[in-house]
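Chain naming follows the written order as A, B, C and D, and within any one chain the residues start at number 1.
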Amino acid sequence: MRVLITGFDPFGGEKMNPSFEAVKQVQIQNQEIEIIKLEVPTVFYKAMKTIEEEIEKSRPDIVICTGQAGGRTDITIERIGINVIDARIPDNEGQQPIDEKIDANGEDGYFSNLPVKAMVRSLKNNDIPASVSNTAGTFVCNYLLYGVMHLVKTKYPEMRAGFIHVPFLPEQVTDKKNMPSMSMEMMSKAFEIAIETALTTEVDVKEIGGTLH
Amino acid sequence: MRVLITGFDPFGGEKMNPSFEAVKQVQIQNQEIEIIKLEVPTVFYKAMKTIEEEIEKSRPDIVICTGQAGGRTDITIERIGINVIDARIPDNEGQQPIDEKIDANGEDGYFSNLPVKAMVRSLKNNDIPASVSNTAGTFVCNYLLYGVMHLVKTKYPEMRAGFIHVPFLPEQVTDKKNMPSMSMEMMSKAFEIAIETALTTEVDVKEIGGTLH
Amino acid sequence: MRVLITGFDPFGGEKMNPSFEAVKQVQIQNQEIEIIKLEVPTVFYKAMKTIEEEIEKSRPDIVICTGQAGGRTDITIERIGINVIDARIPDNEGQQPIDEKIDANGEDGYFSNLPVKAMVRSLKNNDIPASVSNTAGTFVCNYLLYGVMHLVKTKYPEMRAGFIHVPFLPEQVTDKKNMPSMSMEMMSKAFEIAIETALTTEVDVKEIGGTLH
Amino acid sequence: MRVLITGFDPFGGEKMNPSFEAVKQVQIQNQEIEIIKLEVPTVFYKAMKTIEEEIEKSRPDIVICTGQAGGRTDITIERIGINVIDARIPDNEGQQPIDEKIDANGEDGYFSNLPVKAMVRSLKNNDIPASVSNTAGTFVCNYLLYGVMHLVKTKYPEMRAGFIHVPFLPEQVTDKKNMPSMSMEMMSKAFEIAIETALTTEVDVKEIGGTLH
């Protein structure tokens, strides 16, 4: 099995981005799992170009993108990416699209097809605070999640993909007031557990849901 | 023009639901606007049945659903409803679906087609704290938003619809710790402004967005 | 009975200070209660000079100082003023003392001798969110509280005094993220109730406490 | 030099108390520093008895008490203990004093005579989130801080003492919503740095403060 795990470069005035720092520490002992690590620029459009080239080249079974969600207290597994860019701050190349669709013909939202609930359970069972998040925001993180799920829908239907947000690192918050943080060790352990769970568990949304009309 | 505005009945142990309390106070002076007020039960399935019957009967131009988002500090205009029920607590009839699709064939998410950004601007211009929210949660509020937007997509394409969340009322938080609240007067004034803006403004998401592939 | 109630002028870049705005709205029907309203500058040293002159002149039975505690969700009745200035931002005349004692010979802290718990109870009984606070910070609010209690200890032993913090007003938070607020009407009603309770209730700290050695 | 560092046993339904867990991990290499570790019961009166016996026996130069402040994001060095018990929950022997003085003849508050600001600086310089706190609450933590400072004032004037609060551990918050946490490693490292700084730095409150009258 091949797993592509990505993190972003620093943005918003931060000196580091915990997501790729933690990705670099990930170690999977299982010989049958190949891990590809990729740093993605916090730049609209270019972020998708970067990941799409890697996907085309290495054809991963699973793609796990990760990013920083400053202010959150725990590891959050994103449930859905939505078809909008609404940038509160400029990206790393100064672009700041407001209320633009990511794909003019795409659906309004795409669920991750990773087992988000199972991943949360595994993390908690390992004493790592975690929860499902219902919004990845409207900046580059959501852009990447939506874009990758669009790839799944349109080009790689067998691929499974999703997004994990991490809090700030302790060293990022020493000059911020009342801002939660998490250790790098816990983040990279979280990614290792998330990968293992994603590889071994079925998606958990029941398709049995009612029909509205 | 006909506007249907709904609120929920109390749930989760609360004695009142600020959403319908504030809906009751809404007064629109404009003679050309007819306001229909409807209380919707905080019950999965029955909530949609209730609103769909009213929509069928009165054929509103605009539907604004409202609900309580305890813990939020401001009026939030929801951007999207997503196709999942994941109930943290039972609804008012004891149902607690977990990870079920709302509509087995529906898309993963549906954007509101109200002018959410313009509504936020109008509210702020009137000194009312407001913001766009990217998640209506996964309880009955999101269920209703998704369900109504599904109706727009499948049956009433001319109809415009969306969802407004309100904080707790002051009297609901006197025994809660560090919980923000907002006055009823401000909530109902917010609804009046939101209605007016929704009636007079175009939607603001640009369809010019790029194409991913 | 004579009551002196004070509020501050705006500071920290705000256009208004809810404390004195709400003080201005206070109305007590009871003919036997005389209310003196005083605006105090958000300036170390000058704040005490201003209030001390008024106290000397009008000899109030009760002094209630009020101030803005941006970020709090409810009306907070302060329990204690402490003998330190540790200014996070400059005051309105550019002074920013760090870790200086307010009075070189004063005790480390002085409890308010208002019935803080009874005041909280009265407010809650009137559906106003309220709680006891154990810190008035280390800026001009705490300075004024400590200074006035020092006056009680050293010069006016019959006088009762204390401090009430209010949240931001809604109009102050429309451009702040996730910041709670409270309506002006509720704040001034809170002050009226606080005055009445302070005039009619005994202090609630029991002097029966153990002796450590 | 002899340092007494204390932590509490678990309370409030928690299975562990991070304070004493982290105290157990503290290791000081410096041969000239003797560390005495003591677990204190989360019980009014008994807590003081426990620590006072140890102080009498070992005559420490410095006493650092530590405790859990669930909900805080960082290491907080307490500035002051206040002369009141106001227990929100029962202690570990079911006692729940409300608004009682700790010492009937004690002053209203006692500042810690540790260099609180210098300790915060050292922690931040070591990438550990930290801040000064102006309230240790009104439960057993504040009781112990006030009690120990009372000992300093009345019996051991050469002794230096203070209190450090720590957040929850990650494993304590996996079932709590939006609750910040900190790793045990960081807590015990924080204690080691705090001890070193306390041993080598002067107190930072300037006695030059003005005189009120």
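In this text, contacts are C-beta pairs under 8 Å (C-beta built on N, C-alpha and C of every residue); 3 or more make two chains touch, one makes a residue touch a chain.
Fair warning: this is a prediction, and the values are worked out from it, not measured in the lab.
Asker: Looking at where chain B touches chain C, is over half of the residue numbers used by both copies, so same, or under half, so different?
Answerer: same
Asker: Fit chain A onto chain B over the CA trace and report the rotation angle, somewhere between 0 and 180 degrees, nearest 5.
Answerer: To bring chain A onto chain B, one rotates by 180 degrees.
Asker: How many angstrom lie between the CA centroids of chain A and chain B, rounded to a whole number?
Answerer: 28
Asker: In angstrom, rounded to a whole number, how far apart do the mean CA points of chain A and chain C lie?
Answerer: Centre separation, chain A to chain C: 47 Å.
Asker: State, to the nearest whole Å, the distance from the C-alpha centre of chain A to the C-alpha centre of chain D.
Answerer: 39
Asker: Would you mind listing the residues of chain A that make contact with two or more other chains?
Answerer: In chain A, no residue touches two or more other chains.
Asker: What topology does the chain touch graph have (line, ring, star, complete, other)?
Answerer: If you draw each chain as a dot and join those that touch, you get a single closed ring.
Asker: So in the complex, which bits of chain D are touching chain A?
Answerer: Residues in contact with chain A: 73-74, 124, 127-131, 170-171, 173-175, 177-183, 185-186.
Asker: Which bits of chain B are touching chain A when the two form their complex?
Answerer: Residue positions touching the partner: 45, 48, 79-80, 82-86, 99-111, 117, 132, 134-135, 137-138, 147, 150-151, 154-155, 204-213.
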